[in-house]
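In the two complexes that follow, chain A is the common piece, with chain B as its partner first and chain C second.
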Partner chain A sequence: MPPEDSSVRTLSCPTCGGTIAMRAAGYTVTLACEYCGTLIDATNPDARIITRYHEMQASLDIPLGTRGTLRGVEWEAIGWLQRTDGWAAWEEYLLFNPYAGYRWLIAQNGRWSLGTMLTAAPQRDGPDYIVAGRRFSPFYSGSTARVTRVAGEFYWRVKVGEEVRATDYVRPGFMLSLEQDDREKSWTVSELLTGREICAAFDVASPPAWLPGMTPLAHQPSPFARRLKEWWPVAALSFMALLVLLTLFGGTMQPQSFSLSVTPDGPSVSQTFGPIELPFGRQAMTVQAMTPNVDQGWVDIDISFVNRRTQDSYDAYALNEHYSGQDSDGYWSEGSPLQTLKIASLPAGTYDLVVDARAHHWGSTGNWGWDASSGTYKTEGLPPVEVILTVARGARFASNFWLAVLLILSPPVLMLILHIMFENARLAQKDGEPADADDWLQGMQAP
Partner chain B sequence: MSRGTFLYALWCLGVLGLYLAAASQGYSPFADGGRTAGAARAYGPTHK
Partner chain C sequence: MQSVACPTCGAEVTFRSPALPVRVCDYCRTLVVRYSQTAQGMGTAAVLPFDISPIQIGTEGQCFDQSFSIIGRVRWAWEDGAWNEWLMLMADGSHAWLGEAMGQFMALREVELAGSLPQVIRRLMNDTQVRPGESGNIAGHSYEVADVRTVHCIGCEGELPFTAPSGWKALSVDFRNRDGRCASFQKDRHGPSLYVGHYVTLASLQPRNLRPLPGWSLPADAA
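Here is the complex of A and B:
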């Protein structure tokens, strides 16, 4: 309910008889009946009708006569008009304070801006304009803003259908608008209000949060830019902490080496080594399986840590292979004679290392036999493949590290993607080139 | 510090805590153990 004020003058609408309050008496030129929309000449003592409308007044978010305090000044909403440029529609409330003058409260897509008309033209700098040290870049020009509905009182003779040419310049959080017709030019700087400010002042609904697919206002700052700027230091700090943890917990200790020989294309060799003591808790184990003389072939190495007490088995597998040759491009080789296996979370206990190894030669005839002198199988012309296993307590799991990095970076990267989507949606309304990385960075500026 | 930043810092602390717990237990979801059973093995050079 608008507050009562003894300084308010009232008059009757000549069309509907409704009582209309004139809140800025002496300044008001045009008064629109808030019940039937009839435009009245407030300068005429007989309240002459300028234009008669028979459409019902829209229910306004801020009923005319409502007072609210914005930026330390108590304003009263005295006029309302709706405008469109053919693409978008917005509402403008005229605010009045006898000591501070007029301001505009502009509502579009549920967001509110406070507009102040400039008394002097802004300073031009190339394509930009500078107002109070703030640089405004061109956004769109050549649109025509037309009044579609009007209510309340105004300091000029406003009427439905009135048109002005509009040009807008923006910076995050601010818009500089030039409106001109054949008679005059007017510059207005509007500042986007936070939801908290406008709700506290005029008790309107909170602005909706931006979601992909919505069109932001031209001067709406990216809601993700601030988070991005605040989150990167946290991410960097967490990354450093991860590096420290990786260094502290990534070492191996007490290495033990075991070896065995395997005949290429011979039978599988099974051998048990141990004991391997794990004194406490759960520990990872690192096994380096090296076959220094494997050539033109491969070795299957199955290893198992078998707990002597429980007989629980923890298995892993390595395939060591090495091939080389010559072709029209020259020498080539592939494979590696060294594989590193990492077995996770072995409980404390005494273990045996059970190794099953089998070697093969690529393209071999498999002509092998028992060599009684050495007590091993041998393939004709091929030496046995030596398998050296180095077992150590502990392991450095790079996968854990990179998984943690991914989890730490995911939220800022998501914010970055949303920021880019937001800026692309905002800048899609802009004249000229499509948005690029420079525009995304400019959108990171603080309002 | 905004609420979003506080929650993100909490998220990072949680990730660091999980990493620390996994490191102290020698755990990794990507460890080599258990790859023998039914693992597909391909042999021979792939050079063309």
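Here is the complex of A and C:
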């Protein structure tokens, strides 16, 4: 055979005169003129017309003759089909490499899959099929795929209107399709390509990101399943870190106690305690104000942390009260002689604790005397009320803890909701048996 | 290896296989048939149309657990296409076929049509019609009829076990099995023959000396 300088043969379209390339000479059976759609018999040396068409040139995402490298093999797009099953339409490019044979590049909703025809039938297992250890579950059944447009060259007698019965089985990222007509049965496994892969191989638009309301492909893996799985360890770690932080810094440490006495209805007592050292940056303080012997009265306790250097003051207030009595229902009591005050964020420094306390009596017990200075009756001779203040660094804010837990949990919960929406939209297209737990579990699997 | 002079053009015609009787003259395409000492021309083989097959005479590789070398080819056509059958000379001196269709390869060896044959083969031998989808047990495996075609030879080259004149007609029935095995039944005026084998990928043959195709780079592992 004489040496050939090109692997491509060309001929003129007998209908429109356009130059048609034949890139897989010897394999190609049908040529569809990419300008006018006329079908030409490539097995006939005179290139006989099968069907004459006068169509507009289809504008293809991948012009025929374009080459791209996928999975380490250089492929040339030599044929293009548009097919429909009645409610969805998709496109299929026939890829060719003389040393690697044929593959299919299937485009639907802007997403691309690489299809390989199987030479062995898949193994059946109940309703599922297994190919190379991968399990595929039924998804579409009994649809009819019809060719609506063709361009380029094919290794079989392609025709517009040609129909095959198609049954599809899926697993995340993969689809197994059985196409059959009266003559032949063929099985194809197609693998969803990532946007990066297809864009690197052929210059096509990036696949759109899924948004609620969009219909995913039957074999499109939920983008949220992977992120969910990636998030759980992060959430677990964050939770552990949160617990560690709480035990290290959240607990109250080095408590200091101070006490003072206040006479009920007596004068307000003001006292300064200190120093209180706060060595760290900003931190919380907890002050427990306890008045164990307050009875039939209340104590107003104003506290201030005063920074010795800046004289900045951080204030809090507690009201401890206790009342009790006997009535027709028996003994009753109300109020609490214990209050816990929290001051959220004190800068580091040396502080004095300034306490102003004033006790009041309410009720009929005790001796009453006229106080001329205030113009009221006051009790006399009641025992003083003891005020014990326990000051500690740090404070456990339960609300903060729950806020942190919520922050840790909200991304996975949001992703779980999106995942459920995605899978719902995907599985809604399923034929036959409604989606069951197995379908949902399969949806969580990685491609 | 034996060389004879082409009865038509006088060019040297070399037989690499000790057993095969037919060789197409590379120069004048005469079908040269050798006898014990002499050679005779038996008509002319048609010029093979250009195809883009990655195999050529001289391609070597591994198949059926031994090395092989491609020494001949027959190209068959039917109404909806054509395919190549490459003749492999095996290391042990036997021969086998490498079928090449639709970018897929099948390695096939002839088996004797004797012993207990499945009904589907017996019916084919009796010229009874067989339909795709029918099944039968061949050499211990269950097969299904994939297609039934009337085919004709459109050309040949190299060494062959038979003369393959253009237009030579045959009935060709392909069988497939679930796990990638395949079989082929052929019947022509010389009688029936049966071939059994399996699908292979070009890479699995570990091929060397593939045909260089302009514009395409050879697979990295087959250079």
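Note that in this section the second predicted complex is superposed on the first by the 284 of 447 C-alpha atoms of A that agree within 3 Å, B and C clash if a C-alpha of one lies under 4 Å from a C-alpha of the other, contacts with A are read in each partner's own complex, and residues count from 1 in each chain.
Heads up, the rule we're going with is that contacts are C-beta pairs under 8 Å (C-beta built on N, C-alpha and C of every residue); 3 or more make two chains touch, one makes a residue touch a chain.
In this text, all values refer to a predicted model and were calculated from it rather than measured experimentally.
Engineer: Between chain B (first) and chain C (second), which does A:Tyr317 come into contact with in this model arrangement: first, second, both, or neither?
Structural biologist: A:Tyr317 contacts chain B only, not chain C.
Engineer: Based on the superposed arrangement, let me know which partner A:His360 touches: chain B (first), chain C (second), both, or neither?
Structural biologist: First partner only.
Engineer: Should A:Arg183 be classified as contacting the first partner (chain B), the second (chain C), both, or neither?
Structural biologist: Once the two structures are laid over each other on A, A:Arg183 reaches chain C alone.
Engineer: For chain A, which side has the bigger count of touched residues, chain B or chain C?
Structural biologist: Tallying touched residues of chain A, the top partner is B.
Engineer: Under the contact definition given at the top, report the residues of chain A touching chain B in one complex and chain C in the other.
Structural biologist: Looking at chain A, the two contact sets are disjoint.
Engineer: Where on chain A does chain B make contact in their complex?
Structural biologist: Those in contact with chain B are residues 226-227, 230-231, 234-235, 237-238, 241-242, 245-246, 248-250, 281-285, 298, 300, 302, 314-317, 319, 321, 323, 325, 327, 332, 334-335, 341-346, 360, 362, 394-395, 397, 399-401, 403-404, 407-408, 411-412.
Engineer: Taking the touch rule as given, give the residues of chain B at its contact with chain A in the complex, in rising order.
Structural biologist: 1-2, 4-5, 8-9, 11-12, 15-16, 18-20, 22-37, 39, 41, 43-47
Engineer: Along chain A, where are the residues that touch chain C in the complex?
Structural biologist: Residue positions touching the partner: 1, 4-9, 23-27, 29, 43, 45, 74, 96-102, 117, 119-121, 123, 155-157, 183-184.
Engineer: Once bound in the complex, which stretches of chain C touch chain A?
Structural biologist: 48-54, 77, 79-82, 84, 102-104, 132, 146-147, 176-180, 199, 202, 210, 213-219, 222
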